[in-house]
Amino acid sequence: MKNKIKTADEAVSVIQDGATIMVGGFMVCGTPEILIDALVRKNVKNLTIICNDAGLPGKGVGKLLSNGQIKTLIASHVGLNPEVAQRMNTEVEEDKLECILIPQGTLAERIRAASTGLGGILTPTGVGTIVAEGKQLLEIEGNEYLLELPLHADFAFIRGTVTDKFGNTIYNGTTQNFNPLMAGAAEHVIVGTCKVVEVGELDPNTIHTSGIFVDTIVGGEQ
Amino acid sequence: MKNKIKTADEAVSVIQDGATIMVGGFMVCGTPEILIDALVRKNVKNLTIICNDAGLPGKGVGKLLSNGQIKTLIASHVGLNPEVAQRMNTEVEEDKLECILIPQGTLAERIRAASTGLGGILTPTGVGTIVAEGKQLLEIEGNEYLLELPLHADFAFIRGTVTDKFGNTIYNGTTQNFNPLMAGAAEHVIVGTCKVVEVGELDPNTIHTSGIFVDTIVGGEQ
Amino acid sequence: MSDAKAIIAQRVAKELKDGNVVNLGIGLPTMVVNYLPEDVEIIFQSENGIMGMGPAAEEGCEDLDIMNAGAGYVTANPGAMYFDSATSFGIIRGRHVDVTVLGALQVDRHGNLASWIIPGKMVPGMGGSMDLVVGAKKVIIAMQHTQKGNHKILDECTLPYTAVKVVDEIVTEMGVMVVTPEGLLLTEYNPEYTLEQIQEATGAKLNISPDLKTML
Amino acid sequence: MSDAKAIIAQRVAKELKDGNVVNLGIGLPTMVVNYLPEDVEIIFQSENGIMGMGPAAEEGCEDLDIMNAGAGYVTANPGAMYFDSATSFGIIRGRHVDVTVLGALQVDRHGNLASWIIPGKMVPGMGGSMDLVVGAKKVIIAMQHTQKGNHKILDECTLPYTAVKVVDEIVTEMGVMVVTPEGLLLTEYNPEYTLEQIQEATGAKLNISPDLKTML
């Protein structure tokens, strides 16, 4: 089978301006910084980033934001990175950030829906709020649910703790978060991982993400 | 915290005639036989059983079927237990079995929907077939999806490989199947497990089912 | 001020029962852990992916892989489990969390909650709050009774909702208010305040429980 | 008869490419593994919850915890992974399986498939088949061309559908037929049969590919 291991710069070389990229992590815990750094070096622009949050200034997707690479950010919480508010309100047109906020559970489930081939999800979250505006409301057995659509991406940046050469990946602690969901929802999946091991070294009961989802493996994540 | 460990007979003592019970396992691989045996001894009747299949003659839910305890079976495949066809076609009214067949992926996802508080699922599976009869069809972005509703139960019988005294459970191999899904979809969850260990002995990265779902733990499963 | 917060956290702690699965919002709600009786064992969930969260990590001993939803380094208790965000919110939305304790910008007598946005001013995002208040079996709002003298407990929220008809109980330094079909019912009060002062500080009519107790 | 099955399995094996994720139905499709070239590595999924399934377990060495969807004891290859049924069908429905190979009762020229029920006679249930044919990127039907002389390849299925417009290719002992918007296109044939015999054995008009090859 083909060799999936590349350097970070080789891994991101396929990404062009305007791409949609899912980035794992929750307040940068579980974000593959080596892939972010490579994307900063490549300096592609007009990206749509799908991530739980906006990272922190100088960390995670915050680096892409500071470098003016993000056109649209789809996230559930951006309050811990003040640069988001600055860029949303800037007068400089080319620096302007569009920010789409989604309830965290809905964000997770929409990504899972894309990964698992469902037509959308029916959630009680957001009913009666501005989140429901413009969305279809279904009444099922006396309760109301919002129809929320699957969320796909061109690329996913995943952060693994241990990954075998096929791409099977284990996450440690709370680094898991959105990573396994995004691995199934993007066309092309790049894993930045702390440790690369041979195929067969991982206990098949403990693997969180199957290697079938993984296109490229980059070692050296901290 | 309260002690969850009981004998199999104590564990099933709360189950009454007419209960709806989810039973984990796939062709009896991952079915908690000690709980089934206890339920046969208790001999409650008119049960609705939700299981991937009908087990095998003398194994898994096949024991409940032979003992005349199942009124309705909700499953995806019943071909390997010939007693299903016999009981579906019997002239003896009190032996008659109602069998509701559901595509396996839909069955899994409907149980997950109940567990995760979704209003239903939107699946392409079954569109254009008799499975779609009487169900709402939604067109989303040019494709058709069936609305399938969540599937709840009063009880779930789960089969664990290792379980700590809080109920955290690990499954080995392909015994996992429907077990972790059913653990969240029933009011009262009983785990029949091969090995009971102290709280803290399991690696928190490798647990498949959280103890918060588990009401009762029965050791001695083979 | 810190006194008020301590009173609130102490009172909320009494709502948590042995074996409860609890999700605490960041800020004031986090203080609740300091007031739990020793014989009450709570299983804390944090929506970023942990069940059985322990206390904050000691300085110098942080495991960078173990964080809470407020981006603080924490520990895992024996019996903890990690999971992904879909599983985490499945637990929340699926009514497997017994109690969530959150702060608020406004709450009204219908149990409507506004806590995530001040249009044109503060737009941090809702994070997991919308799912938590819709999914948790019991929603307790823990907050100071007023904000710089302005009412936070209202007839009708004026800020955009986090969710409608979800709040079960409001705990402030002045008292405990339960949301009922007839409006807000004051069930306990802080004797440092008169009932008149409490009503004055509240933007909705308070019904007084015939069973009114002191909250301390 | 077993010769026919061997021909079919051998031909289907050529459709599987290095690195493909493949789900094989029970019965004839399972035989495909016997004909894979040595340099082609396939990742076999079984819908009961394994990716990277290996060969059947040797007698006496069965691990009762490791089964395939046909209730046979199997092994796990290095790099295998186990998962629950929602994850398994997420992989299937989410178009992460490259090829599924299944048997059939009937297939028609629109790519409609009937494989799970003969009303009043055989009602085993659809198992995972409805999800597999809707979700897999490529659906190959591997079956004998006729059933006791009766047509199985038809203008329109007469039995209830497993799914509509899902079949990409039909491989029988007589030939390979691709489902196209214009109907069934015979692209390869078994030279033991004349084209007339093949058409005779088929209940739908076969278009003949200008590029027609022999299948062996």
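Order of writing sets the labels: A, B, C and D. Residues in every chain begin at 1.
Note that in this section a contact is a pair of C-beta atoms (placed from the backbone, for glycine too) under 8 Å apart; a residue touches a chain by one contact, two chains touch by 3 or more.
Quick caveat: nothing in here was measured; it's all calculated off a predicted structure.
Least step count on the touch graph, subunit B to subunit C: 1.
Looking at the partners of subunit C and subunit D together, the chains they share are A, B. Centres computed as Cα averages put subunit B at a distance of 29 Å from subunit D. Work out the mean CA point of subunit A and of subunit B, and you get 33 Å between them. Put simply, the C-alpha centre of subunit A and that of subunit D have 35 angstrom between them.
Residue numbers of subunit A whose C-beta contacts span two or more other chains: 109, 112, 116-118, 123-124, 171-173, 204-205. Listed for subunit D are residues 50, 76, 82-83, 86, 89, 92-93, 135, each touching two or more other chains.
Pairwise, the chains that touch each other are A-B, A-C, A-D, B-C, B-D.
Residues 46-50, 63-69, 71, 76, 82-86, 88-89, 92-93, 122-131, 134-135, 160-165 of subunit C are the ones that touch subunit A when the two sit in their complex.
The part of subunit B that touches subunit D in the complex is made up of residues 26-27, 29-30, 52-53, 56, 75-80, 85, 88, 99, 101, 103-109, 111-112, 123-131, 161, 171-181, 208.
Within the complex, the subunit C residues that touch subunit B are 18-19, 21, 41, 43, 50-52, 76, 78-83, 86, 89-96, 135.
Here subunit B touches subunit A in the complex through residues 109, 116-124, 138, 140-141, 143, 145, 147, 149, 170-173, 203-206, going by the rule given at the top.
Contact residues on subunit A toward subunit D in their complex (touch as defined above): 1-2, 112, 114-118, 164, 166, 168, 184, 199-200, 202, 204-205, 207, 210-213.
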